[in-house]
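Both complexes shown next keep chain A, but they swap its partner, so chain B is in the first and chain C is in the second.
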Partner chain A sequence: MKNNKFTAKIKNYKKNSTGTIWLLLFAVFIIVSITVQDFTRPANLANVLIQMVPLGIVAIGQTIVMLGGGIDLSVGAQISFITIIASTFMGDSILSIIGVIVLCLLLGSLFGAFNGIILKYFSIHPLIVTLCSGFLFQGLAYSMHQTTGGYIPSIFRQIFTASYGFFSVPFGLFLMLFLIFNYLLKETKFGRYIYALGGSEEVLINVGINSDTIRIKTYIISGFLCAVTGLYIAARLRSGSAHYGSDYALLSIAAAVVGGTSMAGGLGSLSGTFAGAMMVSMFNNVLNNIGFKYNLQSAFYKDVIIGIILVVSMFFYRKREL
Partner chain B sequence: MFLELKNITKKFLSITALNNVSISFKKGEVHAIVGENGAGKSTLIKIIAGIYNADNGVIVLDGKEVKIPSPFSASKLGINVVCQEYNLAPNLTVLDNIILGKEPVGKFGRIEKNIARERLEEIINKYALHIDLNKFAADLSAAEAKIAEILKAYISKLEILILDEPTAALTEDDVVSLFRLISILKSRGITIIYISHRLDEVFQICDRVSVLKDGNYIDTFKVSDIDHDSLVKLMVGRELKKLFPASNVEKINQKDFVLSLKNLTDSKNFYDVSFDLHEGEIFGIGGMAGQGQREFIRSLFGAQLLTGGEITFKNNKLAINNPKQAVKNSFAFLSDDRRNEGLALTQSILRNISYPSQDKRANYGVIDKQKDKAVVSKYIQDLSIKITSLYQNVQGLSGGNQQRIVIAKWLLVSPQIMLFHEPTLGIDVGAKQDIYKLLRLFAEQGISIIMVTSDMLELLHMSDRICVFYEGRIQAIISNKEATEEKIMKAASGKSINEK
Partner chain C sequence: MTVLQLSERWKSLSKHSKNVILLFVIFTVLLVLSNVRSSIDTTVKDFFNLLKQSAGLGIIAIGQTLVILTGGIDLCLGSIITFVHVYIIGSMNNDPTMIIPVCLTGIAIGATTGLFNGLGVAKAKIAPFIMTLCSNYILHGLYMIYTKGQPRGILAGSFRMIGRIRVFGYIPVIVIVWVILSILFIFILKRTTFGARVHMIGANARASYLSGVNNDNIIIAVYVISGVLASLAAIILTMDMSAASLNLGADYSMDSIAAAVLGGTLFVGGIGGVEGTVVGSLIIRQITSLLQKANIVNWGKLIVQSVIILGIVALYSRKKKS
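Coming up: the complex of A and B.
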């Protein structure tokens, strides 16, 4: 039976170690505060929080998909596509803004459902399915818009990026989504079933739960959150582009895994992902602060450094499980 | 009759797994189903549990004909199965596993865990069960996992509980508490269908026993009306005494020592293990579970590290730090975890047998396929392994055939010391006999064998000398002539074998 795979895997299961990542984050924060000039300026700290928002939101969806034993590589293309839809169709009237927001959220959910339904009927590995659907969404995005551009009304940008000191609308939005989905995962039946799906689908089926429905729902959540992220990015950059989302597939997986989510599913938490996204965002900010943003060459170095730091931090507290 | 199976037939392609089988179960009885592997026990219970659908025949439950298309529909009818395989989500706590699919829900969709917990704790306290609801299922011992699964069945509708080899991985103490739980369930009118290789258990806790052989129903007996040997005879058509081939102990004792162990220890699980091994001797190691035998035999093969002691092999001191060195010194090791450590399950028979010795048949790293095939085929014939093709996957083979494939793979490296850990774990009675014959044959050819086993009969009848571990040390070494079950049990519980 299928469970043979588990006998080996079971040995590696450990309790969720969310505490470790927050501790690590705190330690890095202290080190960075001491060593990097200007890092602790309130304006910069508020900036760090805002910078993490798009990654944080996508990573919530990615974590939920991964907890269910899946993976979503199409998030980047979905985000890009949404920025293009928003920047193409949004007009100045309130009605048009709300209409486009609703359209984007529906479209994102639809993309997620598409992934989930393909998975159900073709039973192909989610890595392949979402890689392919990612190409599909990316292609659609390019066909609508070859260059960066479009129009975003300034009122939409102003509302979506407003901030007052430490408090900002984007971070507030993230926090709200985090709390809602954290509750969903931790306290409700649906949340339990996502974990059970990632742990052992057979067990879930045998108690009479339709596991396909649960899986499709996780992808719909991921698609919906991609749409939110896409709208935010479109608002912040006042444009749409088929490139805007490219980094997010791998970064969201990194944030989830650094935060303790198992690639095999069933283990992890949103709180860990929160810390993971924060970590990535903090490194990004620090590297920008110490001068990695001024020319193209050093931008590449920045990626190299972030890559190394991610691997090291994963090794640091995940070595037992791997 | 509470549950009746009538004329059940099930075919897999051209093979008939069950042929017109009819069995009836009474309410509140413990009913054993015995038979060799391949006799159809597993197929039968999988049909009752809704995992397979019968091609023919009907199931009558409580006077009504029922259809059981899936495990979920079975559990709705009150039929629950506790398989050999782990059937809990490893990443959820025991509590979450038990209430999975039946969570009580309060305001805002919040699961009311406390209500469920209180209810479960009541049951746990009432029956004095040993289980921690907060543990992750992955951290459970085999016994706790069984209890959790039975509890999971218990809190839903439970009329019929099917236990498939429940004691396979349990220690003696755990078996006792499992049996206690079974009798509690029985007293509450729950029908238990019990599958086990261990016939003494059948006599210990079952009311009736049905025998299956080659997919056919043979008969049903009250356990008080039949004895152990006649039951085995019905299952396999052989008597128990013929199960174990005889050995010539005097002749073995005259032979030279090939391996000498002095004060071996890993500083954690076993200490001061010293003995000498004759050429062609079978040296059996027994004792309760977890007394260091497992770690000891694994360390001898370098699968775990030794921290002290001396190994002398044919007058040379050996350092064995990893399996590669062990193989180089012509040691072979057959793990108790055959499916993970003995075989590459998704690979062909040919490759599995060829792996450890394939360098011998390679020129500049390229394997001579003709030669490889010829050599492997020869050993498959010698060991009479039943296969349809060399390229067949090993995954689907029976336990006995799988074990013979592991043996064949090691024979190709011409071992002088063979280390067997649970040589017949998960192997049916008929195939066991063949494995025993092979062990004796190897010993006669001059291979020395160290065998760690938890099977008392095997230990008693196959070993030329019997060594009993207790708390990581050798408690006694008993010669084949003097050994009795009583002496072994005494040593295993830490007493002197001559103590009255």
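Coming up: the complex of A and C.
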């Protein structure tokens, strides 16, 4: 009897892979700290935390969309667009800074709503909708700005990127968003509806809930978080470009999938995504460290390695069912 | 033939054939309209020019059509093209004896990538979108590592001569290859068991499996064909170039999807064919050249294409049940 309970527990544990991914992250962290010199320097560790912020914020949105059974491939283009809007319209006065921030957040939400509304009215797969809308946003971004440029006031940058040792504003922002959306997913009705939407839309509809509204809301959340990321990237790089976001679509999917979110929806958690984003950012940092030392094209190895990691983790999760 | 007979014939045609004929009409109208002020001679020249420009896209779109017919999608064609392109130029290095081995290796690169994709989709059950997006990422990293960011190398003179040959003084080699491949694949899809199975997997994979078809093998074969066609196109496109470019393949993934979808191949799979894709490629290139004349090609193309794809997919999709 006891044995049965134990195996059931293990099976449950496997299903809830959040614990596994944190353990894995811890193991990788230990291996990396032993093998890679200078990795455990406090300054470097603080850097890892800061580097994961943009990816982490996008990945929160991506996870929420994926939990609802969708996917958002347009995040990269949305981020690029926001960096361009921010760097084009921001002036030195406080009023204009706040105005542009509000504008960007609204615009991001609008992009998300656009995806969601198309999904509501036509039975097209979310992959195709967001791929196309991603190209649409990318085209719009190009039409405004074809090179890297623009102007970001220094006060905006200083506030957004300030750091004191281990504590930094961007990481604090990420942590705040993480806690808010974790609460939203775990404790509120709306969060449960998102899981239900990904698990079985049929059931959700039969229970009498408007599944389309829930889906639109998940895409709006994703768009909103893209806008936050775009603002942060614009602040950090003090410019806007149609290329700044291009990696984030795949990276955010990678963070979510490595963190145990199922592509079919309804399965996964934000804390898993947190660990996934951390893992990707750690790999990034390590590859940069090694690449700098041995003069390799580390950025290009990074593409290969992250692609392989994603394929492998999808391979391992493939048999998981609800 | 009387008008009545014609209208009877028209009614008896399938929806797909009607679409293809309509597309041909649209293409001719566009061709005439864009040359309305010029003489017949220039119109003919313009047409041959357009044929030459569309040929590369046409060859790649054949593979894409096959993949979409099985209900998949191939997003790594662009990277295959760039990889094979930089590899050929880099390895040939002005040595005529290397032409054949280098071209064979190039085709092997495409086939291997296709095999990788096919295994991931068919055996590991990874969503085609994500699988091919990952291989796109991996290939991008690989060709950047190979070229170290600066592609170099010289093509052998005799290799470039093949690209300059004009059959009957008008028709470039690439167009001949395109025509032959199109006819071959129209035949394969319409008249062979393999073609019927490709259609059947897209229409109903379960039924296909139950009737004793080895779905996995067909899917793998389709991805391999798509990879091989992409590398073939890359070889022929390379003949026309003097220097290597890292941007050669950038647009081809999206262009080929647009061409296939415009030609009436449905994203859900099972319906469509290469004959539509041929016209689709022509129209896509026509639009590109019109945008080039208006000098907004870099961003206008992204917007126009995404709107076209979304519009057509929305047109074909049934409205969701309320």
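Some points to look at:
Rule of thumb we're sticking to: the second predicted complex is superposed on the first by the 287 of 322 C-alpha atoms of A that agree within 3 Å, B and C clash if a C-alpha of one lies under 4 Å from a C-alpha of the other, contacts with A are read in each partner's own complex, and residues count from 1 in each chain.
We take it that contacts are C-beta pairs under 8 Å (C-beta built on N, C-alpha and C of every residue); 3 or more make two chains touch, one makes a residue touch a chain.
No experiment lies behind these values; they were computed from the predicted model shown.
Partner contacting the larger number of chain A residues, of chain B and chain C: C.
Shared-chain residue A:L140: touches chain C; no touch with chain B. By the touch criterion defined above, A:L127 lies against chain C but remains apart from chain B after alignment on the C-alpha atoms of chain A.
After overlaying the two complexes on the shared chain, residue contacts for A:G199 are found with chain B alone; chain C is out of touch. Looking at the shared chain after the overlay, A:D92 reaches neither chain B nor chain C. In the overlay built on the shared chain, the residue A:T188 is in contact with chain B alone; chain C does not reach it.
In the superposed model, A:I209 lies in contact with chain B only, and not with chain C. The residues of chain A shared by its contacts with chain B and with chain C come to none at all.
Every residue of chain B that touches chain A in the complex is listed here, in rising order: 71-72, 75-76, 83, 85-92, 96-97, 100-103, 105, 108-111, 136, 138-139, 339-340, 345. Those residues of chain A lying in contact with chain B across their complex are 1, 3-4, 6-11, 13, 15, 183, 187-190, 192, 195-196, 198-200, 202-209, 266-267.
Against chain C, in their complex, chain A makes its touches with residues 71, 73, 118, 120-125, 127-129, 131-136, 138-143, 146, 250, 253, 257, 263, 297, 299-308, 310-311, 314-315, 318.
Within the complex formed with chain A, the chain C residues making contact are 73, 120, 124-127, 129-131, 133-135, 137-138, 140-142, 144-145, 148-149, 254, 267, 296, 298-303, 305-307, 309-310, 313-314, 317-320.
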